[in-house]
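Several structures are given next for inspection.
Presented sequentially are two complexes of subunit A, the first with subunit B as partner and the second with subunit C.
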Partner chain A sequence: MTRFVVGRIGFYTLIALLLAFFTIPLLWLASAPFTSNPTYEVRMPDFTWENFEIILAHPYALGSLVNSLILAIGSAILVVVLSALAAYALSRVRLPGRDALLYALLLLSSIITGTAAMVPLFQLAIELGLIDSHTGLILIMTGGLLPAAIFMIKDFMDTTPKSYEESARVFGASPLQIVRHVVVPVVRPGLATIAVWTIANVWGNFLMPYLLLSDVEKQPAAVIMYTLYTEGGQANLKVLSTFGLLYSVPVVLMYLFVSKKYGFRFHGGIKR
Partner chain B sequence: MALTTSPPDPKALDAAPARGYSSDAAGLGRLRAGAFVAPALALIAVFLVFPALWVIYLGLMNYRLTGIAAAEPGFVGLDNYLKALSDPGFWNSTVLTFQFVLGSAVIGQAVLGFTLAWLMRNRRGTLKSVVEGIVILAWILPSAVVAFLWVALLDRDSGTLNALLGIPGFAWLLDYPMLSIIVFNTWRGTAFSMMLYGAALGNVPPSHLESARLAGASGLQQLRDVVFPHIRGHILTNLLLISLWTFNDFGPFLLTAGGPENKTEILAVYVYKTALQAGDLGYGAAISTIILLINLVVAIFYLRLLRSRK
Partner chain C sequence: MAAIELRGLTKVYPGGVKALDSLDLTIPDGEFFALLGPSGCGKTTLLRTIAGLETATAGAVVIGGRDVTNVQPGGRDVAMVFQDYALFPHMDVTDNIAYPLKIKKVGRADRRAKAGEVAARLGLEQLMDRRPGQLSGGQQQRVALARVMATQAQAFLFDEPLSNLDARLRLEARTFLKKLQRELGVTTVFVTHDQAEALAMADRMAIMEAGLIRQIGTPSEVFQRPANTFVAGFIGSTPMNLLDAVARGDTLEVAGCKVPVPASAEGLLADGEKLVYGVRPEYMTYRDGTVEGGLTGGVAILENLGASHLVTLDVGGVSVQAVVPEGQEPALGEQGTVLPRHDRALVYRDGELVAA
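This part shows the complex of A and B:
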C-alpha cells in the first residue's frame, strides 16, 4: 500500500514538473498581450485591449499577416491540386519506373532541406527574378512540400475502393469527370489533411521568406516577428506580445479543428 | 523548406508492390496519367532536384555575392573542401552541431518523449489531453514566436526563469548559450517523439506486460524485457528522423543568431553566415553539399530500415 502511494506521489510530481517545463515558456504569450505595460516577466494581466489597438495602427503587422495568408493559401492550393493529380495517376496507372520514382521522391524530400538548399535556392531566385515575389516563394515552397504530399495522398488513394470509378465509367463518364466528381469527394479528408499540413508548414516557415523577401511590405509574419525583436533599440513588448499572439492563434485554431475532426494521432506526420 | 522531411508512412512504401495492377478504374491511360503527374514533377525538378544538383556545382566554384568573383566565377575544384578542412569555424560548427543533435534530439526529445508517452499510456481524460495538448502546442507554434518566448523566458534582468529561480542577473544566453538552445529545442520538438512512442506503446500486447507483472518484474524490468524489444523499430525510426531534422534545424538562429562569439553557430547557421551574410557563396555551397551528403546517408539508412520491416 505504501509502495502504491509513493508511486502515485512520484507519478504526479513528475507530471507536474514536465507540465511546468512545457507550460512556463508559453505563459508570457497568454498574459503579456493583455497587460498594460508588459515586461519580460509573466504577470497577472489587467485585461486591457489597448495593445491590440496599437497593433491595428502598426504599419506592417496586419499586412504581414495578410502576406502569410497569401503564401499559405497559395501554396496549399498548388500542393493539393498537383499532389492529388499526381498521386491519383501514380495510384491507378502503372507508369514505367513508378516505384523507382516514388522511392526517389521520398529520398529527395527528406534530404533536400532548407538548410542544405538555401544557397542554390537563393541563387536560383536571383537568376529567375523571383526575389521579392510571392509567386516565386509559393513555387519554391510548393516544390519542397510536394514529394511528401504526393506520398501521403497516394497512400490514401491506394486504400479507397475503385468500384465507384468503375461504375461511373460504365455510365459513360470521361476520366476527367470521374476524377472530379467521383474520386475527389471520396478522398476529401485526405485532401483536407494535405491542405492543413501545407498551411501549417508555410505559415510557420521563417528561413525561405527571410532569404527571398527583402521588401518589408511583402514579408510574412514570421519575418516581421523576427525583425521586431532583433532590430534596433528596446524591443516593444506591447507590439511583440500582441503580434505574436495574433500570429499564433490561427495555428492553434487549426490544431483544435484537426484534432476534433480527425483526431490528431500520429500518421505520416501532420507537421514538419 | 525545413519542413520537407515529413515522415513517410511505412505503409506507403509497402503498398505499391503488394497491390495488383491493371487497377486503372477510371480508364485514365498512360498518356493522361503522365499529364497528371507532369506538373508536380516539373515543380519538384526545378525547385528541389535542380538546386540539389546545382549546389554541388556551386561548391566547386569561387562564386561570391559581390565583387569580381560574382561577375566571373571561376572553377576552383576541391579548393572549397580543402578550405573547410583547415577552417576552425567549420570544425567549431561541426562539433556544436553534434552536441546539438545529441543533446536536444537523441537525449532530450527522445527521452522526454518516451517518458511522457510511458506516463500517459494507460490514461484517458483531462490530464492526458492537457499534457499532450501543451506539448503539441510547443511544437506547432510558429518558430519566430517560440524563439521570442524563450528570449523573454531567459532574459537576464526580468525573465520569468530567473524570477522563479531567484537568481536575477543570470545571463543564460550569454553564459550557457549551447545549453540554452539544446533545452529550447528539446522543449520545441518533444511532441513528435511523444506521439510516435505513444503509438508504439499501443502495439505492445497488454498480456505480455500483465504476465511480466505477475512474474514480479519491476517497472524498469518490464520496460527492458517487454517494452523495448517490441518497439525497437520505432525507437530507431524516431532517432533517425529527429536527428535528421535537428541536424537541419535553423531554429536556433532565431534565438541566438549563432552568438555569442559563434558559440551556437551550428552548421545551418554557419552556412547562412558564410554564404549569405559574408557573401562567400562557393564555400557555403561546399558546406551545403557536405550537409546534403550526411542527410543522404541518414535517409538511406532510414529507408532500408522501412523496407526491412515490412
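This part shows the complex of A and C:
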C-alpha cells in the first residue's frame, strides 16, 4: 500500500516537473509582453501596453506578420490541392515501384528545403527570377513539403473504401466529380491536418525566407524576429517577447479553429 | 426495363487467373436472378463485369439490346447496391438518395422531391436528415435501395445484399427485397454465397464454380434435379446423400443394399457401371426394421431441426441421412431402413446427371 502511494507521488512529481519544463516558457511568453522591464524570469506583469506601442511603431513588424500569412496560406493551398490529387492517383493506380518512389521523394524532400541544398537552391532561384518574390518562396516551400504531405494524405485515401467511388462511378460520375463529391469530403479531416501542418511549417521556417528574400518589406515574421535587437546589440526582450506573442497567437487560434470545425477525426460509413 | 445477355464472357486477371470462362447467359426482362456459388467462384466478378467496373477480356455484355461491353459504368444505365452499401458518410439520407440525380443534373428541388418520394415508399421519411453512421444496418440497406430506385435504371445489380445484416433481419429483408422487386419489375441480378437466400428470392439462378456456370434453372429445378454432383452438394440446407453405386440390372447396389433404379435413369444404365446415387434427406422415408428396396442400418446420430429430425444411419460403414417428421424419430442404435422416393432419386455418371 505505502509502496503504491510513494510510487504515485513519484509519478505525479515527475509529471509536474515535465509540465513545468514546458509551461514556464509559455508563462514567460504570456507575462513578459505586459511587463515594463521584462527579464528572463517569469514575473507577475504590471499590465502595460507600452511594449505593444513600440511594436506598432516598428516599420516592418506588422507587415511581416501579413507576409507570413501570405506565405503560409499560399503554400497551404498549393500543398493541399497538389497533394490531394497526387495522393489520389498514387492510392488508386497500380504503379510498379510506387512505394519506393514515395520513400525516395520523402527522403529527398528533407534535403531540398534543408541547409544542404542552400547554395544550389539560391542559384536556381536567381536563374529562374524567383529571388525576392513571395511566389518563388511559396513554390519552393511547397516543393519541399509536398512529398511528406502526399505520404500522409495517401494514407487517408488508402483507408477510404473503394466502393464509395465505384458506387459514384456506376451512377455516372466523372473522375473529377468523384474526387470533388466523394473523395475530398471523406478525407477532409486529413486535408485539414495537412493544411494546418503546412501553415505551421511555413510560419516557423526561418532559413528559406532569410535566404531568398532580401527586401525587408517582404520578410516574414520569423526573419524580422531575428532583427529585434537593442542598440547595444543585445536581444531586446521588450519587443522580442511582445512580437513573439503576436507571432504565436495566429497559429494557436488556427489550431483551435480547425480542431473545433473539423475535429481531427474520421467519420466512417460502415464497420468493416 | 431490359434483358441482360452475356455472350462468351471471359475475364482473365493480370497474372493469368481466369475468373470467368466464356459464359453465356440470358436474363429476361423483369427477372430476379441469383448468381450463387462458393467464395472465389467468379460470381462477384461477373456482377462487376455487368456493371462495367471490370472490363471483359473477351465476349460481350448486352443490356436492353445494346452492346455495352466497351461502355463506361455510368453509361450502361444500371444501378448497383454494394455489399457495404457504399453510402457516402458525409451526406445525409436525402443527399445520398438524390446523388444519382445530381450527377444527371436534375435541379435541387426536383431531386429532393424525388428522393422524398422514393424514401417514403421504403419507410425512410423519419430518417431523411440522418447521416449513414446514425442508421442501423437494415436502414442503411433501405437507403442504398432507395438510391438505386431513384436512378430509374434499366437493371439493378446487388452484391451480397443481405450479408451485412444479422440473422433475423436477413429473413425480413429477404421477404422485403422479393416483394420490392416484384412491385418494381426491374431486371435484378444479385450475388450470394448462401444457397437458402438464392432459393428463397430468385426467379431463376445460376450456380457457379471456378468461373464456370454449372447449372441454370428455377429454384425448384435446381433443388430437385441438380445437373451435377457439385450443384447437388451445394444446394440444400442438409447436404444430399451422394453414395457410390453399381448398376445391377434394374437395381443399384448401394452400400451393400439394393435399391431400384430411379425413374429418371430407367433404361439408361449399363450393367456393372460405377455410378453415384443421389437422394436428398428430405426425399427419404424412415421405416423400422429391414424393408426391401431401401438402405438398412443402425441409427448413429439424431439432430433436431425443429419440426423434424435429421437421422444419420450407418449403412455398412457409409453414412446416409434422412429427414424424419417430429414424433416419428427413431431411438439411437435402433435398426431401420430409409426408403428413397422413386421419382426424386437421381443417378450421376462421372459427376453429371443421368437423365433422358
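As a working rule, the second predicted complex is superposed on the first by the 201 of 272 C-alpha atoms of A that agree within 3 Å, B and C clash if a C-alpha of one lies under 4 Å from a C-alpha of the other, contacts with A are read in each partner's own complex, and residues count from 1 in each chain.
To be clear about the criterion, a contact is a pair of C-beta atoms (placed from the backbone, for glycine too) under 8 Å apart; a residue touches a chain by one contact, two chains touch by 3 or more.
The model shown is predicted, which means the values in this text are computed figures rather than measured ones.
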Of the two partners subunit B and subunit C, more of subunit A gets touched by chain B
Quiz item: A:Arg92 contacts which: subunit B (first), subunit C (second), both, neither?
Solution: first
Exercise. Please indicate which partner A:Glu166 is in contact with in the superposed arrangement: first for subunit B, second for subunit C, both, or neither.
Key: both
For this session: Would you check which partner chain A:Leu207 touches, where first means subunit B only, second means subunit C only, and both and neither mean what they say?
Result: first
Ask   = So, does A:His181 touch the first partner subunit B, the second partner subunit C, both, or neither?
value = second
Residue overlap on subunit A between the subunit B interface and the subunit C interface 163, 166, 168-169, 182, 267-269, 272
Contacts from subunit C onto subunit A in the complex sit at residues 51-53, 72-76, 78-80, 82-91, 99-100, 102-104, 131-133, 137, 140, 151, 164
Listed in rising order, subunit A residues that touch subunit B in their complex are 11, 14-15, 18-19, 21-29, 32, 39-42, 78, 82-83, 85-86, 88-95, 98-99, 102-103, 105-124, 139-148, 150-152, 154-155, 158-159, 162-163, 165-166, 168-169, 175, 178-179, 182-183, 197, 200-201, 203-208, 211, 221-223, 225-226, 229-230, 240, 244, 247-248, 251-252, 255, 264-269, 271-272
So, in the complex, the side of subunit A touching subunit C is made of residues 161, 163-164, 166-174, 177, 181-182, 185-186, 188, 267-270, 272
Listed in rising order, subunit B residues that touch subunit A in their complex are 1-9, 11-13, 15-17, 19, 21-30, 32-34, 36-37, 39-41, 43-44, 46-52, 54-55, 58, 63, 112, 115-116, 119, 127, 130-131, 134-153, 155, 157-161, 163-164, 187, 190, 192, 195-196, 198-199, 244-245, 248-250, 254, 257, 267-268, 271-272, 275-276, 281, 284-285, 288, 291-292, 295-296, 299-300, 302-303
